[in-house]
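What follows is chain A paired twice: with chain B in the first complex and chain C in the second.
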Partner chain A sequence: MTVSTGTEAPPEPRSAAARRLLGVAVRHPAVVPLGAVVLALLIGAVIIAAAGLDPLVAYAAVLEGALEPGSLDYTFSVWGFTCGMALAAAIPLRMGEFNLGGNGQLVLGGLAAVVVAGALPGPFAVPLALLAAAVLAGGFGAISAPLATRFKIPIIISTLLLSPVAVAVVSFLIRYPLAERGSGVAQTAQLPEDARMWRLPELSYSNVGLLVIIAMMIVFWIVDSRTAVGYELRVVGANRRFGAYGGIVVGRLALGAMAAAGAAAGIVGAIIVLSAPYRLIDGALLSPGYTFAGFAAALLAGGRPLLIPLTSVLFAVLQVGGAAMERSADVPRQLSDLLQGVVIVVLALRTVLDARRTGRSEH
Partner chain B sequence: MTSAAVELRGISKRFDAVVANDGVDLVLRRGTIHAVMGENGAGKSTLMSILFGLVRPDSGDIVVNGVERHFRGPLDAIAAGLGMVHQHFRLFDSMTVAENVVYGAEPTRRGSLDRKAAAARVRELSDRYGLETDPDAVVGRLSAGARQRVEILKALHRDAEILILDEPTAVLTPDEVDSLFAVLRRAADGGATVVLVTHKIHEVLAISDEVTVLRDARVTGRFRTAEATSGALVQAMTGREVREVGNPGTGEPGEVVLEVERLGVTDRGVHRVRDVSFSVRRGEIVGVAGVSGNGQHEVVAAILGTDPIESGTIRLLGRDLASLDVRRRRALGLAVVPEDRRGEGTAVTMSTAENLSLGHHRTPPIGASTGWRRGFLNLRAQRDMARRLIADYDVRTSGEKLPVGALSGGNAQKVVIARELSHDAPVLIAEQPTQGVDIGAIESIHQRLLDYRDQGGAVLLVSHEIAELQALADRVLVMFAGRIVAEYSRADASTERIGAAMAGAAEHRQAGEHEEAAS
Partner chain C sequence: MQILEWGFVAAVLLAATPVLYAALAGALSAQVGVFNIALEGQMLWGAFAAVAGSYYTGSAWAGIAIALVSTALFSVVLAVGAARFKADPIIIAIGTNLLALGLTGFLLRVLFDVSGTFAPRGLEGIPSMSFLRDIPVLGPVFGGQTVLVPLAFVLCIAAGLWLRNTAPGLRLRGIGEHPEAAASLGVDVARTQTWTTVAGGALCGLAGAQLALGNVTVFTENMTAGRGWIAVAAVMLVLNRPLWLPVACLGFGAAEAFGFRLQGLGAPQQLTDAAPYAITLLVLVATRLRFGSKRALPS
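On to the complex of A and B.
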């Protein structure tokens, strides 16, 4: 019988040390999101090159178009709306739920705002319009929670399926009961002067609405990191069974999260219709693609409140610069949508691979 | 002395900052059963994963049958004659034994599976090694012991000469353990080399020829089993002598605080729990024995309220729980240490402090319940409580910010126990509280449960370990097929009786009695 006390660790070969360092680096949580962005840009570059154009020129046009002094004001406002819609995705994402109903919530917010502000012009028009938008869109978003709790319809499904219903209803209202008289365009009448979002000095696109969205992001950050509700959201997002076992009422939490998400989207919709051209135009809330861009930004940030402003910059730049790229480099702006799509696919792939890997390592 | 089938030389492996293996040497002689022992986190699983090609070592050599090997994956290891039986079975439940055994290396005829040849192969292997199995049985209907035999057959079918078994007895009844050991002995006598990974000392002494003990990533002992004593093994594993914790048998228990009456639980049409009644009093530990999957977990879930019940009543401190959700049940006075530590008891990606605060986050000092700070967390109080519990429960960690997933099994379990006991609830349900936990931690967890009982707590202790129930419980209930089939007082709770009841003997006897009464 021998008892050895263990040997000295042999000096590690350099290659092994380098490999270990690489191993640590590869597992860093930022690697996959950054990789997704880089991969998207590379794929975009290949497509541009395949079309016989110069990718570097195209990307330079994107950056220039978005960040030149003249368009910064506009980029800022797009960034704000992207952030707002990212919030609508990120709040449920924090507890592991996907809100794909941003479009419906957005247009309902716009509808509520245009009705309330149009009916009650005056000093309280803007706050009341925002409140109405939050209530209507929040209520609409919240429907998905009992559907999940009572009828086991996943939130990702019910939001996706309910959203077009809301979009269609709002579209109908704009075309018929609320249509501007004497106009051939599907739009509501312009809001009166005293029912419009307050302006910021020297800016034409960005207004006080941007500050409202920034305030919402700060509130989300505080709730997420400093309150019992935020803690419960993160617990359920990390491990739903752990949350249920610990006494968290997951259904009620989902109700709150979906209401808050809907309210955030609704407020974005309200801010858009309270800004120029001060009316609800059919399709105008959806065509810029804030919902999808916001969803991608939230996914890229992993729902983390402090990262959303950063990831939203990426998509806002793509959005605004895409138009400039079309003008100066002759690359269609749909490339922006394509890049967003690639980012989402790569992130989704990560989720699937993660699930597989943990499934395998649990021996 | 026979020749070496496998030699591991100077194996080292690090995961980030954690050293899992540090210059480990291991020699497995042909035709022997070699036990690899160690507490959780000692590095035995990593070592076996390296041997089986699942993990690549940072440095060190693997020599199989005198040839140095560099496994790129388990397929390379299988080709070199290794086979592994994992702790959790990897079988297709809907397929037959024969199909599972030959999967991946099928005998074929004209391009399709030759079922006859497969069945014949299974019979041949079964006979040679004394593994009783029916090749045509559907795996999903087999007991844990039978499934394990299928796993062993799978390895043997691929001509494995070196069998690695990772904690093979965790899911078996005492009888099944005996027959497994007989099979392993027969395989070794036939020239196979068997590696048994375990932390159960009595098993090592009963079955192995040689033992290698790991502690903190290094080899701390090599023994020939015939010359080893349990004391020496424990000392090599823990670095100190372990004191046996036992139930000192204190005064009379107090009033009933948990009462379950005629409980029935159905899951998708299957009766999981039938007509179960029992009660637990203050100052009493009631043990529930049973092979995993006989309804114990469903009883716990029904009391906690995470799963709905079909029939019956549950009363906690005299109050019917039917209309109360998990939060209210916990607030009323219930704490639970769940069986599935990673899946239910913790959120592995969250910090230790956040894992410790669940349930405390809405009450002072962490959660303010009144005033303008209502709903806010006091992060400083959260940190302070975490530090205090980490110190009190001797959780080995670099700090309260470390994710629980980075802790060893025993330390993660201490986090769960610390959180649940810190609720000061009068009733505690502990489900497999020491499963996958090392010896040092087992001792401290047992002592915590006894202290809690002695302070007037009521404990429902669900365990597969008969020895654990004997050491701690004042009474032992045995569950089989969803029913309580036997109850033993502390004095009557012998291993043979409990083991027989776990295997369904009492059920059969009772059924027989019923038939007699009916006729």
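On to the complex of A and C.
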């Protein structure tokens, strides 16, 4: 792995001090995530080059497409959704659980929001819609906790099996009972003016929903770093049996974590639906792939609340810029998924560094 | 509607087969203590490799071979990462699943200049065993199937018997049971874990080949559509025992085939699509109710 060549590269270590310095540098917590990103981009470059295209042109198109002034507004909103879905992954990740049911939670949030906002337009439509989304998607996410504690079905499996059920049910509701009359497209009717997310001046994609997501991230940061619950989450994540021994009720903690994760994903779904084009369209919540972009961002951040906004930038840029890259450099946008996968694999394989280190210390 | 006609039995076997190959891969990995949830991505890669292989060589058998070998290579990431470097197999698997999805979509565009679906004229599917046509029962059930369908069931039973009755099978089970004890008896734990997982990759290659060149003759983006996860659930359901896998996978096959029939009768596709997942989860819950505390998977 290229990440580790730093440790091995010097043929004749000049001095013990230099070696120690290298050792410290390699152990710095930022090395692994940064190395993973660099390595993933390099692997991506090799794949693009192997496809007979120019990696530099492709990456330049990604950056330009995502960061040019005209698209910043859109990139910001995508960043917000990625952060929100990263929260949905990161909260359970803190206690060592994997929530892979983000898609189901996302669409249920969208469903709850469109039903409530559509039924109760007025000044309270938006907060009520967000609340309904958090309750429905949070409740749905929470199902996985008793399934794990009572029935020993791992959360990663139950979330994955529950998610397609929710997606299919919502898809059915959009197509039949909630379908817009007289429309050939599978979508609900447009929400009335007074049931839409409040706008921010001069912005068309980013709206108050972005602020809601930022508020959620701040809450997660405070809970994680300043409260007993956050401490318990991290203790259980570090060593479940020690946590249980120390009196933490792991089942209840899992229930709370999964409910919070589901609620975060549901609120993201609600915000998307309450924003333009102000309706629930079949498949539209899932096609941008926020769930796994968020998952990758959460893993890259190691679940740490303060790093999620940073790591989400990478995946938001890849997502928005991917479309631009496809248009101008003719590199398929699936490259974004591919790079997400490579980042996750490289992160998981960071243990290679440990193996090398212990290997050397034995000599 | 007649349920117990031979055509329905054939449809159930067909739907069960790809899941069965993947589930056998998962069960073998679980037996050596590797929690393998990379089945979905490996099966998807296998499907793509089989179609690309068949397209370039003009032979479905070459497509199967290419799927088998390349998926085994793809699984080396998980095998070596989890066994040799003690990386978290769950995170590697989530990564390789995304990687397979992105890579197949990417290659579909780059190599064949299509997105979504690739079904070129003259793509060779795996031939069916039409020589069985005139035999009663075997004819209607297997006459229209590829040889990979019965092979899946044979392999499963063979693997189950091998695990149960032979010395190497015992050593394999010992690793999952207690790796330290197995190591002190002279078993190379990491090597066995690695090779078992790679063999699982080859099986997932067969799963993909059957899916893309047997069940249909086409590659579509994300065509595995969660079958790899059903396979993971099936492995949990039978507590890692390959001998019981055919039962679990036939249950899934029946749910899917029954769903197709219901769709034919006008039931909305969204609801019949959801049924296999809901049923799988319910069956998992029901069996755990009965067997209570039995642990199925290494945590």
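As a convention for this text, the second predicted complex is superposed on the first by the 335 of 363 C-alpha atoms of A that agree within 3 Å, B and C clash if a C-alpha of one lies under 4 Å from a C-alpha of the other, contacts with A are read in each partner's own complex, and residues count from 1 in each chain.
Assume a residue touches a chain if its C-beta (ideal position, glycine included) is under 8 Å from a C-beta of that chain, and two chains touch if they have at least 3 such contacts.
The structure presented is a predicted model; accordingly, all values stated were derived computationally and were not measured.
The partner of chain A that touches more of its residues, comparing chain B with chain C, is C. In the superposed model, A:Gly341 makes contact with chain C only, not with chain B.
Of the two partner chains placed by the overlay, neither chain B nor chain C lies in contact with A:Ala134.
Legend: residue contacts after superposition of the two complexes on their common chain; A:Tyr231 is shown touching chain B, with no touch to chain C.
By the touch criterion defined above, A:Phe242 reaches chain B but does not reach chain C.
In the superposition on chain A, A:Pro332 contacts chain C only, with no contact to chain B. Using the contact criterion defined above for the overlaid structures, shared-chain residue A:Phe98 touches chain C, although it does not reach chain B. Touching of chain A by both chain B and chain C, each in its own complex, is seen for no residue at all.
Contact residues of chain C toward chain A in the complex are 37, 77, 81, 84-88, 90-92, 94-103, 105-106, 108-110, 115, 226, 229, 232-233, 236, 268, 270-271, 273-274, 277-278, 280-281, 284-285, 288-289, 293-297, 299. Across the interface of their complex, chain B is touched by residues 1-10, 12-13, 16, 19-20, 23-24, 27, 226-229, 231-232, 234-235, 238-239, 241-249, 362-363 of chain A.
Contact residues of chain A toward chain C in the complex are 47, 51-52, 98, 100, 147, 150-154, 156-158, 160-162, 164-165, 167-169, 171-172, 175-176, 292, 295-296, 299, 332, 334-352, 354-355. Only residues 10, 12, 14, 16, 19, 22-23, 25, 45, 58-59, 86-88, 166, 218-224, 227-228, 232, 236, 304, 306, 325-331, 336, 338, 340, 342-350, 354, 357-359, 361-362, 367, 375-377, 379 of chain B touch chain A when the two sit together in their complex.
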